[in-house]
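Naming follows writing order (A, B and C), and every chain is counted from residue 1.
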Amino acid sequence: MALFEATNVHGGYGGMNILNGVNMSLEADEIGVIVGPNGAGKSTMLKAIFGLLHVNEGNIQLRGESITNADPVELVKRKMAFVPQEKNIFPSLTVEENLEMGAFIRHDDFQPMLDKVYSFFPPLADKRKQPAGELSGGQRQMVAMGRALMTEPSLILLDEPTAGLSPLYMSEIFERIISINKAGVGVLMVEQHAKQALKIAHKGFVLVAGQNRFTDTGQNLINDPEVAKAFLGG
Amino acid sequence: MNEFVFFINNVVISGLTIGSIYALGAVGITLIFSILRFAHFAHADLMTLGAFFAFFLTAMFPAVGPAIGLPTAFVMLPLAMVMTAIAAIYIDKGFYKPLRRHGVKPIVIVMASLGVTLMLQGLIRMFMGTSARSMYIDDRKGIHRLDMPFELASRPIVITDPQIIIIVLLVIIVIALHLFLNRTRLGKAMRAMSDNPDLARVSGINTDTVVKVTWVIAGSLAAIAGTMLSLDVSLKPDLSFHLLLPIFAAAIVGGVGHPYGALAGGFVIGFAETLSVFNWAVLLRPWRDYLWFDLPATLAFVPSEYKITVPFFILLAILVWRPTGLFKGKVL
Amino acid sequence: MLMKLPMKETLMIVALAVAVLLLMQVMGTAYGVRVLVEASCYAIIALGLTIQWGYAGLFNAGIMGFVAIGGFSAMLLTFPVNQSFWESDLSGELGVAFLKLVAAVALVAAVMQLHRIKVPRSIRLPIILIVMATLYLWVVNGFAPVTQNIVSQHGFIGGFGLPVWAGWLVGGILAGTVAYFIGHICLGLRSDYLAIATLGVAEIIKAFLKNSDWLTRGTLTVSPLPWPVPGASEVGFVMARALYLSVTAVLIAIIFYLLHRAYNGPWGRMMRAIRDNELSSSAMGKDVNQRRLEVFVLGCILMGIGGAALATFNGIFDPNGYLPLNHTFLIWVMVILGGPGNNLGTIFGAVFVYVIWVMSEPVALFILNSISYLGDLWFAWEAPSDFSSRALQARVFSIGLIITLVLRYAPKGLFPEKVQHHQ
């Protein structure tokens, strides 16, 4: 059974549909990458999955159970996590408090997970008492991802994790995503840097106008001349 | 020296007292503002409601205080706090939450809070009548006269029980609030929600619980402030009218969304009021022979009937000069 | 263009007319016309609010203050001249006090320019504060003896004896000026700040009018204010009030026509665009704050005129009579119940709510007296002495309840704003 499956998802804001039938599926140990032109509904799809947007039609499942239009708090309890693209940290809280907030629903001892996050993101360990708003862009992204990992999710949704970062930081973030995935977390992310992202992807979804245009393994999509020409800048 | 004692009695002590009251109200306003993002106009009436609950309990058990040696209304305060907190939660449930669910603009909720103001005022006056009442029923206000150990000071420093209690209470509350916001899971969640409400929801923070906790804190602090003010002066149904502007000014001066700023703002407003109605002629009298002008009998910046203008002009000045407040509020 | 009224709205207007006729039958024609005149004054004030809230989404919580300014201006300009004061030395002394005020303002303005001669900031602020405090005390102590003497020797300075229309006009201008300063400070900030600031300014205006005995006679009140039409002693109550009603009705008609044109013109479209979508309008290069300031000032001018008309009709200027309850929240109920942004709905709401408001007092008193009578009869229960004044507070409660209920269940009011879609 697939970890995550979305079939024929329609949805949007205020009666206007942005998603017009999106299909996706992901296994437990896979990285899925959503690419496509601006306005194709990539981020909208993530929000629809995480219950932040009303799905009018279609079905979304996590481990075979329907999570269509579920409340975000409920989804966090079901071991899903979401990292928004912007405003994804609590700026006046310290790094450690940010991570604690990720573990808000946990009532057990989350110290081991805290240590694990610091081992994923060593730069954060030195700055645990510093307000997150004072960190650099890349470190903020690490705080945001660390916060999402605190519940030990089985699926993490990342909305453009490398937006606004320098190429050096970009490859560092991608490396972290691979190691998170190796630790047994399914990753579904939206990326502007399509080529680099597809390289680390097990599955790629090319969305255009709220529908799947191409769906294949990451490598196959990179090699597909049509995809390369239209979406990967030649 | 008597002039100095006069200054301490009329400025230092009364400034500290009224400043503490304003600070407690302003903390509530600023917390509600940072969690729910609207200016809660009914807050001063929540304070009156709390005082009314304390009065009601005092009238029911008037003998409790004298038995312990504290003002009865103060002994009843914990119960009044619980009642006010419950009232605050139900007011939110009945009048603000449905509007939030509807996704209206914040200003519409502000208006609803004005509606709640009127309802609370109407209710309180229906039950209480319109006259002022003393919170002391079977006991009497303790007044302490501290004689100065100097030859020249023949007048004592005067401080009352409620004034001592409110100042001590404020110190305890500040420490408790600090520990709550920085050490507890819910306190941190409140700060998180004030920082970024959408992310709080996405992180799995139960925002309904945080909202409830906010009302509990704001309601209890309002009950304390209202009760202590009525103990110090008297319980008047139009208490809220004299509190609304100062507590909002205090919250904005401190930087909205900033609890410590609200505390500071409360004292800024409290001292500004007492300093501006203080008769400076008394302090200058010993030097009257050296002054180049005739010292008038009263030399106050503001006649006491214009006291209400002081918080307002401080508010305008801060909006012009530094709208984020002294401590750089987050929400603007 | 013909205005087509849907069935529901026509019915409501007819029902209101019937209710007013019934009121006249029961309480007498003179009383009924009086209620109508007062309702028409409230309608002018409510039109001021409907453009602020309905057109631009601005929250004015201090309507009372602007209404009071209007009333004050009507009193000051139209009340007969107090010859004994103007012929005494005190008028000169008052002039000197005002000159001191002007000089102080000029000096403060000059000190504010210190940065031009490169005085460092750290010194500037203390200098400004000290100069302001000193000048303030100087001016206040300049006024105090003069105003005290005016009160003890002449009562107050009297009016200017000008025609009534001048008083109403200046009332609008004064209210607009105050609104300009408040709006200038607050409109760039969160909308809540305007609410707090207007609430404060209303209380301060009232405190000033109440305590400036030399200007307003304070709690002693000023009456009778001259009318623009023949008074009751000349033509009888009904006729005089009917004439007055025709004046306010013409005023409403003019305001209504001008607002209708503005609302449907480019200015109104822009206002609605700003209200409904602030971000995109500012992206389109529209100066949002400037437009809001215009609408705020305009609304307050109408409130000032309405307040002046109300004070003139009552024939008395009583600073204590300005209550936030009647002059702020009643207006709010009129506007949100009638339909914010809909001028006809606002006028309907004004008359409707005012009639209910006026009627609720005798009805409530009747019920209360029955209760205490029956209580006494059946249970030997003695009502507290202030029972009726307490129970009238139920009206305060009801206003609050109506506001919250309308906001929740009928946010567009009885006459929803008709938004034209250009497809």
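Please note the rule applied: a contact is a pair of C-beta atoms (placed from the backbone, for glycine too) under 8 Å apart; a residue touches a chain by one contact, two chains touch by 3 or more.
Remember, it's a predicted structure, so these values are computed and weren't measured experimentally.
S.K.: Which chain has the mean of its C-alpha atoms lying nearest to the mean of all protein C-alpha atoms shown?
M.R.: Central by C-alpha mean position: chain B.
S.K.: Compared with chain B, which chain's mean CA position is the farthest off?
M.R.: A
S.K.: So the centre of each chain is just the mean of its C-alpha atoms; given that, what is the distance between chain B and chain C in Å?
M.R.: Chain centroid spacing, chain B to chain C, equals 30 Å.
S.K.: What whole-number Å value describes the gap between the mean CA coordinates of chain A and chain B?
M.R.: Taking the average C-alpha coordinate of chain A and of chain B, the gap between them is 46 Å.
S.K.: Express in whole angstrom the distance between the two chain centres, defined as the mean CA positions of chain A and chain C.
M.R.: Going by mean C-alpha positions, chain A sits 55 Å from chain C.
S.K.: Please give the residue numbers of chain B that touch chain C in the complex, ascending.
M.R.: Result: residues 38-39, 41, 95, 98-99, 102, 104-108, 110-112, 114-123, 125-127, 129-131, 244-245, 248, 252, 296, 299, 301, 303, 305-306, 308-309, 311-312, 315-316, 319-320, 323, 331-332 of chain B touch chain C.
S.K.: Looking at the complex, which residues from chain C come into contact with chain B?
M.R.: Answer in residue numbers: 57, 59, 61, 133, 136-137, 141, 185-186, 189-193, 195-197, 199-201, 203-204, 207-208, 210-211, 325, 329, 332, 336, 384, 386, 389-391, 393-404, 407-408, 411.
S.K.: Given the complex with chain A, which residues does chain B contribute to the contact?
M.R.: 185, 188-189, 191-192, 195-196, 198-206, 330
S.K.: For the complex, which residues does chain A have touching chain B?
M.R.: These residues of chain A touch chain B: 50, 52, 72-73, 76-77, 82, 84, 87-93, 97-98, 100-102, 104-105, 147-148, 151.
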